[in-house]
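Below are two complexes that have chain A in common, paired first with chain B and then with chain C.
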Partner chain A sequence: MVGSALKRLMAEYKQLSLNPPEGIVAGPINEENFFEWEAMILGPEDTPFEGGVFRTTLNFPTDYPMSPPKMKFVSEMFHPNIYPDGRVCISILHSPGDDPMGYETSAERWSPVQSIEKILLSVMSMLAEPNPESGANVDASKMWRDNQEQFIKHAEKLVRKSLDLPENL
Partner chain B sequence: MRSLLLTGSSFALTTAVVVNAFIQKKQFFPAVVYLTTKSSPCIAILYLQAFVLVLLFGKLMRKIFFGQLRPAETEHLIEKSWYAVTDTCLAFTMFRDDFSPIFVASFTILLFLKCFHWLLEDRLSSVQLVFGFEYAILATVVLTVFLKYILHSIDLMSDNPWENKAVYMLYIELITGLVRVVLYLCFTFIMVKVHTFPLFSVRPMYLTMRQFKKAVSDIVLSRRAIRNMNTLYPDATAEDLASTDSTCIICREEMHTTNQDNAQPGVPAAGTNKKLPCSHVFHASCLRSWFQRQQTCPTCRLDVLQTQQRAPAPTPAPQNPPQAGIPPGPQFAPPFPPMFHPPQAMWPGAAPPPMQAPSNTQGPSTQSPPTQSTQPNTFLPPNQMFVPPLMCPLPPPPPFNLSGLSDEQVQLMEGQERRSVEARIECLRNIKVLLDAAVMQMSQYAVVMQAQGDAFTIPPMPDLSPSPQENQPEQTPTIPPTAEPTTSSEHQVETLPPQVVPVDDSDSNPTDATELRRRRLANLDAKMNQ
Partner chain C sequence: MAEHNSNKQNDQEYLSAMPNQEFDQAVTTMQNNIQTEIAASSALVGRKEEISRLKAEYSDDDSPYQQKIKELCKLYSHVRKTRGDGNCFFRAFGFGYLEVMLHNKKDYSKFQENANGTFKKLMSLNYPAFTVEDFFENFMSLVNSIGEKTTLEELTQSFVDEGLSNYFVVYLRLIASCQLQIDADFYQNFIDSGKSVVEFCKTEVEPMYQESDHIHIIALTSALGASVRVAYMDRGGEQLIFHDFPEDCEPTLHLLYKPGHYDILYPR
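Up next, the complex of A and B:
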């Protein structure tokens, strides 16, 4: 399995390097190990996260693309669909067999047709439109629902942090 | 307290006796002899000491293996050991001649072992039973993890992809699930018999059963999907690949069309591409890996098993896979000579052969149904030997009733049929060449006769039929060595299919004729010169 996974990851790396999608930079941390990737995601425009550059890591299983990778934000995040420890809770990263939230249809789950690019684009759209119904971070979900202004303020703080800028200017 | 006092006094007495003996006798050997043989009080004290030592040893064992005994257990133990002791004392009476220290020692060991077994039994029938089962369940988990670890390390060691790993994982899940279900069932059964219904184990038991059911269905579904893939789904053709971008979306690599010559039915060749019912194309190997996890189309999530059940799809038939794309008949039939009938006449259940014979065919043969098995083959009476072939159109024999034969038999029959037909055609060609030669000879004779006028008077008889002496030199070069001898040729004329002859005219004939003609002329010249 390792051979085919490696081939596919290399093909995707090539594809991402040749025509990278807007706002996304991704590649293996170390060319020796193609199963550990790092990706930079630009906060989408017209959202609380606009302007931020968020660092994430992707962990690929050896039977990729049959099983989905695991994605984690290294930068500090405060988002309804990102666990406090940085793990991303998004249906495209769940294999069809298990259903952690109990309401996702298998149509939006992982399939070998998905790719790293699609995952990162989905995460970008998730940043733009949080889904407070399946809350991974309950505090963030609550704040997003009840007090959007405070949420936006918090998000802007995180954006500044991600850019290594002082919190208050 | 009392036992402590007893033990202490026993040790003191023994020490006193031993010291006394050594003081009296001064040396080791006489002292031992004195202790064991001379004085009976000394022997009694030593026996008592041995008994105390054995009791201490037993207490040590009990401490190690059982810890503190509960009062009920002690009571139980004493009660049982009394019976055991009396039983053994009765046994002593039978073996009183063999009474010796060894006998007593073995009796003591037996008594201790018995005691420990009773204790063990008492302990097991209580709470320990629950813990024992819990440990057994944990052991299966450990085993599963260990087996999976082995599989993963094997996979890591080899650089090549190990496609069967997922299958082995599924089977490990299945087996451990089965073991756990059996363990839980045993546990519940025993608990119900011994105590009461174990309510606390209902939830884990339910979970285990569900897991087991899932493992079974996983295996069944993935096996079915892979079998479907191998037998039902067609191989992607070049057009299929051209209509998509010819990239397998699972591994992101190019798909190439493969030649199916060496592919066996049911087993896709390496690098084969498969087309799903939703007309998405993938590498067969990629698709198999995915079907081991999910039975859906990777692109459109079509449930391949459900569609197969809904649609009236062809039933999987491994010996006759539809992906070959061609009806089975021509696949098995040998290539027939072009002038002969198409092979469907040989096939069981096929339509009756098209009767291409001219209008003067005998009537009944054309209307004979193909299922009539024993239709007489000879349409010509044997005395019609010299009728020219075109005048006696002979329809091919109607097919036998082949429904009772297996495929192999039909194939064998076809092979024989074909060989005999070829031999027949070969024979007929030779006859035709000979006949042409004879006709030409006749015309040459006539020409020569006319040219010579009345120089010779030749009897008419040799003109009509070629003499054997003249025929001999022409016969040898025209007949190939493998052909059948000419003796059978007359016999073959009557069964000649009418279609054979006109086709024959085009090939092989002209060259042979000119050659013959040249030889014939040379022959004649030589004769005339004589």
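Up next, the complex of A and C:
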């Protein structure tokens, strides 16, 4: 079981290194252990997160790709679909049936033909378009809905933080 | 049994006392624990056993089942169990079919040819080549090995190896999904949950551990030109019920269905 997971993770690493999608750098933290990855995600243009470089970790189960990895933001985040502890709440990280937030049936789920690249691209579009319906962070959902201006300001602070810049100029 | 019930009650109290997010996490953990327990107690594909051993699984005065097992014993000599992990239909089909093909060269070439054609069909539906190829290659190498000098023992080894076995199941699921989508107009009539065929495939066919229904069997057998008879054994009615896929076929493989589970049967 571990053998096929390892083979697949190595193939995905190779693919991501040869053809990296725009705004994403990902790979094992340590090449001795292919089950722990780090991915850097660039905040998408024309969104409150533009310009930030956000650090995330991906934790793969030994039966990957039968089950999806767990993903977590290490950089501080404030976003409707990211739990305060950094865990990402997005439908592609869940198999159907394993149904925490009651995603719509049409939402894209994990299946073994999905890939790390697909997850990271979904997370990028989640940054661009938060879904306040599946609120992992209730405060962020509320602010996003009721006070976008404040949300944008908050996001800009996080962008500066992600770049190790002082919060205010 | 009593112990099991009290555990269940504790679990429920434990669950109802927690906030929603943690609840979801706890349910997932609990489901995983159940899966781990099942995995520890049964092989993905078990040994061939005397059919009469089924009798011991039901109490003597459970007449609906005992009656039907008698009927089974007349028709079948052996049964082979598969693990009840939601993949049992696909795993029973995969192993059972290849096992028959070890000695049936004529049907084998047709099966191999159909199997070979599935990758192109998936590509025509815009599936990602990069990930699908991996499953296809694993699948074909097992299918091709049947045409070479593989023994039953080697086939069994491949199917009890979790990695290889699950890769094979993933691809069978893709074949069924592909067939459903290609013939979407036909299959839409069988889906009563209000889902579209594509939604149904993404949520109930392609993901691992999702259980199978008639529609999965119809799609898979028709995609591979395979013929399967399923003997249905449940508490209802007096006799076993048989369904052939496709109808009026001469079945190559026989399966036993008990509510929620498929095993392999061997005719006398």
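Keep this in mind: the second predicted complex is superposed on the first by the 165 of 169 C-alpha atoms of A that agree within 3 Å, B and C clash if a C-alpha of one lies under 4 Å from a C-alpha of the other, contacts with A are read in each partner's own complex, and residues count from 1 in each chain.
Keep in mind that, in the parts below, a contact is a pair of C-beta atoms (placed from the backbone, for glycine too) under 8 Å apart; a residue touches a chain by one contact, two chains touch by 3 or more.
If you're wondering where the values come from, they're calculated on a predicted model, not measured in any experiment.
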| item | value |
| --- | --- |
| Joint occupancy of chain A by chain B and chain C, clash or fit | clash |
| Partner chain in contact with A:136 - chain B first, chain C second, else both or neither | second |
| In the superposition, chain B vs chain C on chain A residues touched | C |
| Touched partner set for A:83, first chain B, second chain C, both or neither | second |
| Touched partner set for A:13, first chain B, second chain C, both or neither | neither |
| Chain B versus chain C as contact partner of A:3, first or second or both or neither | both |
| Chain B and chain C footprints on chain A, overlapping residues | 1-4, 8, 11, 15, 63, 65-67, 95-97, 106, 111-113 |
| Residues of chain B touching chain A in the complex | 155-156, 159-163, 165-166, 249-253, 286, 289-290, 292-294, 296, 298-299, 301 |
| Touching residues (chain side chain C, partner chain A) in the complex | 21, 24-25, 28, 31, 127-128, 130-132, 134-135, 138, 161-164, 166-167, 170, 174, 195, 199, 202-204, 206-210 |
| Chain A residues touching chain C - in the complex, by the definition given at the top | 1-5, 8, 11, 15, 63, 65-67, 83, 95-101, 105-106, 108-115, 118, 136 |
| Contact set on chain A toward chain B in their complex | 1-4, 7-8, 11-12, 15, 62-63, 65-67, 95-97, 106-107, 111-113 |
